[in-house]
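Per-chain residue numbering starts at 1, and chain names A, B and C are given in the order in which the chains are listed.
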């Protein structure tokens, strides 16, 4: 395959999708590792990713591909045995990996907010939700207690909690799943962050509630011009909510580009497999689904060459030995020696 | 439809009594399943869809008599399972099986998978000797895509998808006619989901299995089902043959549910207008009067608040419980 | 076809085979504190069996010419106020401690498992009765209740023994009241320490019963006995083993406390607690007489606690990788 996408400067320092803009968040060669009994788990392995002002980027992949660990590396909230051992995460002119704990406290919740999959585990069970929202604002926005309370009530109303004045003094267990996620969203948006990290925000919810929550996040993000990183495994959510998409496999990026391009013309066999294995409302029922054979790789002992070759139907000797790099194909980039010839859309 | 359905559920009701909180008042009753009827013909799949708390899982468990029904009947090959004693039931268990949602919770962590798969063979005395059982276990493992080499491993050494295969091997060990699949793929990654769905379809063709496929994901249900029933708060609100319910949903709840399914084609996703339902599913302790869906229904009328709609056959085989359909 | 490919690749992803028990043992052996606990436990067993042959003295043998001595070549740990060899008495105390630990643990385990399982399985009034009994027992301080029971019953047991001896010529004590003390201590400690295990077993069974894999067994048509014997018991064994280990140390400590208070092992029987209280008068002049049994007691109890903690970590599959 030719490397005709090399209108980029030769350094691999940008992920190359929108070269004329300075990204809000710039991840360079991030390596996040975990020490376990079995050895070093390479959760994120040389990931570079740009996030531009005002866009919604979908980070897609299966469990264990490193998408959540990427978000936790940005927030510097990795669990005890994990560490971002190399790389840079640049945000507003600072490398987050080198910020002091004190600086991170200011950034977390203030400049960057995160929404988790399970609000029950992310919120304090012994504090009223009103206090949790207003406390964040007292710290980050330096509001007085009364001001923070007023703002919190507005926010609760805004995210669609009925009768916020009565619910203000409730605890998180007194809310239903969808309402809990709304509370999380209110907290995330309370300090007007510039960047929102949403980690599978609707996976635990029912479809009808999921639609409500997705619409709410989209609406709020548009209102405030916020940039968002949407972590999900569901291509349907990407199609409906994101501008660009990045597909991860075994800790690295295998494909990224504008949503339309990637979803309609997937180049990497893994992306093709992911799209093909979801039964959709468009497909013919009863047909066999396209399925990716085998299992995701063991992150302690990754295969040499392309990490996907053991499961790839196209793999040949080169794939087994040499690791492919991201190359430009049309509007997107993919890391595969066997990229399919472009279909004209 | 065939002459005689393999499974026929009539007016199935399951109520749970909550612990009494106030001595002066009667205890709260959760109406988990409140009068559900359907038939499944031999070799077919009925998809049972609904959101959490709609009673679909309870329906599956009650059919298998893992929970005893409050009232109603479950005819399985001509026998009413609800009338059988626990002991009599045990002899029926090789005809009907269940595959669970959570492959982590549904296997005994202290039993090797070989023993786990052999257990049903021993219980129903299908294999007389240990060697015979071992051989059959290896066959089963191979059939569901597991390497028999791992026969002495423990469940914690397997991934979610592999464990689900173990669960399938256990259920199929007794050569059942009917299998309840309770969200069998919803805890798995998409690429593994596809593997398991394909496996389930192959097995159905090979062994002439009859499935009750319980799920919340309409895309998955559409893929595998011959007929589909939509449940809301303990009742079936719509039932129709496969694609018909997707092409022509008649109940407003089905319409909303369908419109909430994310489209993978970004062009369609943008054009697509979602029906966003207000609020969340009401409590099954005091379900709303009249039509249970009326508090969230975008087209509800005065009458929906008082009169509960019965299932009507609008087109041949297409049943709906809505006054306005 | 895809299935075959996947089977091949499983070979890549699988770690080597280990059973859960093997895994737990390996985990335990990696824990240094637990190894210390294992060592202490073995030492205790060894000493309590072979103690009398390890020293040239008898634990009751007095030498009034050599009282309250410090360590010397004849008496490695010195002698007490009656000129008895301290080392010999500590070795003999190990036997007391081990017997108390063993028998009380067996007693509480049997009582706890039976009552806890009965409560969990039978439910209703049986469960209510067992749990209220546990609550009541728990409401009293263990030591106080055990002291009360042993004081009240010691005389009764003694009377009974004399009666038996008169009528049938049957004797337990062969003139030695120490065995009667043992009996009273075992009984009273069992009666105040059973509730922990009963609550544990009941909780285990109640939570296991709700587990999906038990439901899966019922769906397969397994009988109740199959479910209990091949699934409930093996799965609740782990926490029970931990509780038994920690309880072993606890029982020894309680016995020492009772003996210290003077309601446990009576002189001339040897118990670490009794030795501490016996020699307390010498605290200012010969502190080693108090310190020695105290240190030994602390090390042994600590050893069992470490072992219990180690077992807890090793037997808890949830805390390990999924």
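One rule holds in what follows: a residue touches a chain if its C-beta (ideal position, glycine included) is under 8 Å from a C-beta of that chain, and two chains touch if they have at least 3 such contacts.
If you're wondering where the values come from, they're calculated on a predicted model, not measured in any experiment.
When C-beta pairs in contact are tallied for each pair of chains, A-B comes out on top. With centres defined by CA atoms alone, the chain at the far end from chain C is A. Rounded to whole angstrom units, the spacing between the C-alpha centres of chain A and chain C is 53. Rounded to whole angstrom units, the spacing between the C-alpha centres of chain A and chain B is 32. Averaged Cα coordinates give chain B a centre that lies 49 Å from the centre of chain C.
Annotation for chain B: residues touching 2 or more other chains are 159, 162, 195, 198. Contact of a single residue of chain C with at least two other chains is seen at positions 2-3, 6, 8, 10, 13, 15, 321.
For chain A, the set of residues touching two or more other chains reads 291, 293, 295. Every residue of chain A that touches chain B in the complex is listed here, in rising order: 62-63, 176-179, 206-212, 215, 233-237, 239-240, 259-260, 263-264, 273-283, 285-286, 288-293, 295-296. Taken together, the chain B residues at the contact with chain A in this complex read 51-52, 159, 161-162, 189-195, 197-198, 201, 216-220, 222-225, 242-243, 246, 256-270, 272, 274, 276-277, 280-281.
Chain contact summary for the complex, chain B toward chain C: residues 61, 64, 66, 89-94, 97-98, 100, 102, 104-112, 119-120, 123-124, 142, 144-147, 149-150, 152-154, 156-157, 159, 162, 167, 170, 174, 195, 198-199.
Across the complex, chain B is touched by residues 2-4, 6-8, 10-11, 13-15, 17-20, 211-213, 215-223, 226, 230-231, 234-235, 317, 320-322 of chain C.
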